[in-house]
Amino acid sequence: MALLSIHQYLTTYLVFGAMLFSLGVYGLVTRKTLIGMLIAAELMLAGVSINFMSFNRFLAPDPSVGQIFTLFIMAIAAAEAAIGLSIVVAVYRQFKTVDAEELVNLKG
Amino acid sequence: MTEPISLQPDETFVLNVGPQHPATHGVLRVKMTMDGEYIYNAETVLGYIHRMHEKMAENRTYPQFMPNMGRLDYLSAMAFNHGYALVVERACGIEVPERAEYIRVITVELNRISSHLVWLGAYVLDLGGFTPLMYCFDDREQILDLLESVTGSRLTYCYFRFGGLYNDIDDDFISGTRAFIKRMRKELKMYAKLVTGNIILMRRLKDHGPVDQDMCQRYGATGPVARGSGINYDVRRNEPYSVYPEFDFEVPVYGECDSYARYLVRMDEMEQSLRIIEQALDKLPDGPVNPKKKPKLIKPPPGDYFAAVETARGNFGIRMVSDGSKNAYRLKLRSPTYSNMHLFDEACRGMLIADALAFMGSLDLVIPEMDR
Amino acid sequence: MGGYFTDLISGTKSLLDGMWVTLKEFPRRPVTLNYPHESVKMYRRFRGHIELIGDEEGKPNCIVCSMCQRACPSGCISLGGVKPEGSKKKVLTSYILDFTTCSLCGSCVESCNFNALQFSNEYNLASTRKEDFIMDLLKRLEEQNQ
Amino acid sequence: MGTKDVPPSIDTIPSSFVQFAIADKVIALGRANSLWPLTFGIACCAIEMMCTGAARFDLSRFGAEVFRPSPRQSDLMIVAGTISNKMAPGIKTLYDQMPEPKWVIALGNCAISGGPFVFEGQYGIVEGADKFLPVDVYVPGCPPRPEALIEGIIELEHKITGWRRWPKVKPEWRESGSDES
Amino acid sequence: MKIQEKTKEALSTLFADLPPSEPEPDDAEEGEKKPVPRGNGIIEQDYLLKGFHLDVQLESEQLLEAVQIIFDLGYYLESITGVDWIKDDQLEVVYDFSRYDFDLCRTVLRTRLPRSAPQLPSITPIYTGASWHERETHDFFGIIFDGHPHLVPLLLPEDADFHPLLKDFKA
Amino acid sequence: MTPVPPPTLFSADGMVGLVFLIMIGVTLTGGIIAATAERLIRALSGIVICFTGVAGFYYFLNSPFMAMMQILIYVGAICVTISFAIMLAAPEEKLKKSPTNLLSGPIGFMIAALIFAAMTMLALKTDWQASAKIASGSVREIGIHLLTTYSMVFELISIVLLIAIIGSIVIARGGRN
Amino acid sequence: MSLTLFNVVLAVFIAICFVGANAAYLVWCERKGAGLFQRRPGPMENGPWGLLQPPIDGLKLMTKQLLIPGGVDKAIFMVAPVLAMFPALISFVTIPFSNSIVAHPIDVGVLMIFAFAALGSMSLLVAGWGSRNKYSMISSVRAVSQTVAYEIPLMITTITIVMISGSLNLGDIVQSQLGGFWHWNIWPLQKQVGFNLLMPISFLILFVCSVAETNRAPFDLGEAESELVAGFHTEYSSMGFGLFFMGEYANIVIGACLTVILFLGGWSCPIGDLGFFPFTHNVGWFLLKIYLIIFVFIWIRWTFPRTTIYGLLNLSWKYLIPISLFNLLLTAGLLKVF
């Protein structure tokens, strides 16, 4: 029944954050479309946020600093999503595809 | 123009509205090519309720064809009966007694009100409001009761006969009609509050669904659709038949060319119909309702005949070609919504689907009449 | 800017007007006719399906002239009669009405010169069998007489 | 196809246990009193169908006023009007899209047998909905009065549960010199 | 000038080269059995008796010209229909026009085609609303309208190849 | 971290632990769907599930405010935006395999596994010094900090969001003809 | 912590029962109300006044065949109805029914309701997309853009109230309005802000937004019957449809609760705690108020035609957002002054 109390340990959260982060990395590498990559990036951000939040809970001397940082990450994520998706839409309008590999003429 | 959709530009998709769709009032099908929610092109497909009326006319004797007219446009069956009676009477030269003419006008106008009430209810239902439909149908039931007490059926009346009527009206009908007029005037005020003045409805209808005069001419739109475009055209006025010249009534015309103008035309028409009924009841002469010598066998002399009447939806014309036998050689039914709906294809381009369906509703479609 | 506020106010007023109309209906008695519990009586001119009129003895008035059959637009009447030995008039042996193709136009009743046909007041027919509506009117008349 | 006295969906459930039989009855009762029709009018009879739903006759008293626009959510198809050859496949599709158990009412003479539009040499209509649909209840008339449709729904409930809840109304003539407008 | 005379005048330019005797008086329609089909030309009909004012019969080549004249005069298209004169082995196409204003004049254009080759120019470029009417006439009579943009069955099923209003049609 | 005796399943604490385990499962499933699903709309649903689970973690970490913000912002804003983009631009990912794609799967897996291993080692090996104070999770505290000590962050957030809004409007409008 | 979470689980169970019963009988109320507004009696024959109609409908829906049309995205298709019901259930946890009856008085109750409302709007999107039906797809796009447009004024208005009460906790917000109906936030006269004429208008904005959030007429663009057949649930049959149906009513209850708590004093007695009656502040008042609001919901639905998508966005961007923003600024200023 030791499993039932793992929510009291910091390591659980850290390992979990790492899991989400690496899932995000995997997604970022394997995804072919821009939107898929964006989703994977959001997943990575979620992993990072979990780390911040768990440090905030277990380690931080000042208990709101991690939360504020996570808030900041959320704002960044929102901004990223907005910008990224407007780019996706603009690219799609231009090239009629969002496949990252087909967008070779994007450079220049 | 109904060009075939040969090449689909990118990002469009085809939306099949109908044959079963709550907004098409029956079994109309509109193949809409959509760009998002905007209509790129619309092609109407008819014929889902093609009932071979014109073929039947060639197989049946003239009196036998009369019941079909009620099925053609089930909402204003009286007016269609009237048109058919007119053309046969014109061909055979049958005189109609005056009392019969007055009763014809009364019943036709009552039927017109009931038709507009169905339209009003169904139209607001199209726009998403459910309650006005119930009020309209409640008012309509009063008319149906009156007409049932005279004709014996509620919807597909077969009341007119060549030269007269199926039977006479009684005093109950007259007093009932007067009571109805009183009630309807009050109800119309209620509709003005509940529906006409409603800001949501106005925003949805004003400046949407443009049909200009040129378009009316090219498509042959008549009835409230033409009158909503500023065309002062009403067969009852322009080409008087029956005893219409003896009544004082106005033809409502609005020049805004939008759905709201068509809406207002119909609302005003109900009021004018009430006026006509009131006058007809006052002037109702005594006398027989059938000619003294009831025509036994209807055999019009050979030739072409034409008659037009104003139904609730517009100009209904009948072209009859007789070869002198008991059956018509050819009977062409010119239905008003056929032409009115035709302009939908052109007018709805670039509209949002919600507006297009609101526009379609403002054309007041009765599909069996289009398909015949 | 002026339009902004007048729009707002007139729009709100129109909405409240509409709500007042429906609210006034709310406490009113419904107009509904509670059908299976109460029912409307039919007008004398109501056109149901047709039925035969019998004389005092219960015999049909029909003399099998077939006028109704000829007048019917959709051919839903078929009647048979025999001429018994020594009698001048035909006697009706069967009068079948296929109500499923009838259009209730009333041509048959109008064409009958012998007061043999009338409309019934059966306005609420429904059945799980189509055959129920192919009626033998002669049998109906007999049942009525009993 | 055609008519059977018991709808197949109920018939096929094994009823070896008494409890099951009661459950069947309760379920049948539930189904019978919550018949949601498909919003689907074809011609003249559709107007009378609307009248039936409207204030004067009010189908909602029987819990059957929830006209669903999507066939997926409806239990009852009221075929209200003439079925043309062009329309018949569409109606069949709609019927197939409805989930079991489902019922069909043929409203009006056109849906029963083609009605007045049957004549020699006709080329356009299907002579009756039962040519391609299993019709459960026939409501004749051209068009039938709204009471007839209510009667049809009662008849359908009768068929589903095997129990007629309401007595049949005997039609009466109004005295001449009517008292009601 | 009344529109009826105006229309008549405008249309009579089409028949300038016809011999003057051709336009027959209206009793041509009254005859019990008319042995010869009437010739081209304009007939003024008695409105009370017939329901229309001007009855114009013309060749199919003249049709577009005549319809253009009618359109310019502000008529609207009421209907197009066909009549199968099987005894004459001819198909007749009838165009009904009417007016929106109070100067009433119903005008009928009619043209006859051989049953074996029923072809006619389409008036859709002039009256957009003729499209459905022509498709319908094509459905019912099999008349082919040259230049129609989308001549497929309208009222009949998409794959229909029969023309039910022809007198020799058997279901 | 004071080691407490592990709870039994049918105690209040045990239930809580069970809920946590379920949440881990849900979050991981969501994450895996988000990272691997072929269809974008499925990936989107995966990420919605994943984010809801993450919000649950925040709740366990004694910060309900952040949990709610997580759902509100990620699910209510970001996922909805992404779904708009999916509807506007890319109905389907193509299933064709190009040579580079063939390798990207294993390579990605290797990289991800490496990162995961390294970070897990780091997490397990480090001797974390637990702090005495435990966050109360109250909004008031965050608010006070956000507007006093970390007011720069607050400003930055607003500037970033403003720039993002303007930028995305400019970019998206530029593509329209 | 552990006990609260256990409470949550228990509360969710109770909430399911409450919401289930409520949703079922709200359907009955809706049908009955619709009938009475329309000159007809509504359900009558099944049970007294048709009271047995909801269980009968439920029974029928449950025993109906569950059709999964070919071509749909099965997993997504199945998840969506659950997703529609679940957030509404969760939100109930934090609603204070009286000063003692609240399952889990979370500190950020207001945020929680919004967070789960956002999750609910995802369900529409997922349902519409998963159905692979053009109507459903259009509907889901509409529903989402509508939600986005209306969450902004809704939140701004809520923030105004939060500023006045100084708490995100729903219980505290109610507490700050105790002492009679003249203390409710709907009135312009407030002890915290002095005189703010915009408060009643703010109430209207919140009300309109909660109608729009729940996809109710006249804002029911998502399931616009005459345009999009049945919108996002066109392809759903049986209980899938039933869950959407129930979810709608659960959302209505949530919307009504929010309106009552923020502006109408929650569970507080309108005439204040006068002292002669023992239980003046209780759950009865709260229920009375929310059912009154729900009655208005029903009343509005059966009165108005549907707006269009641009009319809706116009209303939001031209009227609701500016006015609510202005009210936010005004309230902030007034709070500073008083």
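By letter and in written order, the chains are A, B, C, D, E, F and G; residue numbering begins at 1 in each of them.
Here is the rule we use: contacts are C-beta pairs under 8 Å (C-beta built on N, C-alpha and C of every residue); 3 or more make two chains touch, one makes a residue touch a chain.
What you see is a predicted model; the values in this text were computed from it and never measured.
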item: Shortest contact path, subunit F to subunit G, counted in steps; value: 1
item: Longest centre-to-centre distance from subunit F, chain (CA-based); value: E
item: Among all chain pairs, the one with the most C-beta contacts; value: A-F
item: Computed distance of Cα centres, subunit G from subunit A, in Å; value: 32
item: Approximate Å spacing (C-alpha centroids) for the pair subunit D, subunit F; value: 54
item: Separation of subunit A from subunit D, taking each centre as the mean of its C-alpha atoms, in whole Å; value: 56
item: Between subunit D and subunit E, centroid-to-centroid distance (C-alpha), Å; value: 46
item: Two or more partner chains touched - positions in subunit C; value: 15, 18, 21-22, 25, 30-32, 34, 43, 73, 103-104
item: Multi-chain contact sites of subunit G, meaning residues that touch two or more partners; value: 34-35, 37-41, 44, 141, 225, 229, 302-304
item: Two or more partner chains touched - positions in subunit B; value: 21-22, 47, 50, 52, 55, 60, 67-68, 71, 131, 134-135, 138, 141, 149, 156, 194-195, 198, 200, 371
item: All touching chain pairs, where touch follows the definition stated at the start; value: A-F, B-C, B-D, B-E, B-G, C-D, C-G, D-E, D-G, F-G
item: Subunit D partner contacts - residues on subunit G that touch it in the complex; value: 31, 34-35, 38-46, 50, 52-53, 55-57, 59-60, 63-67, 69, 225, 229-230, 233-238, 241
item: Complex interface listing, subunit D residues touching subunit E; value: 85-86, 121-124
item: Residues on subunit E engaged by subunit D in the complex (per definition of touch); value: 156-157, 162, 164, 169-171
item: Subunit D-touching residues of subunit C, taken from the complex the two chains share; value: 30-37, 39-44, 48-49, 73-75, 98-104, 120-130, 132-133
item: Residue ranges of subunit D in contact with subunit B within the complex; value: 38-44, 46-48, 50-51, 54-56, 69, 71, 81-82, 84, 86-87, 90, 94, 116-117, 119-125, 142-143, 145, 177-178, 181
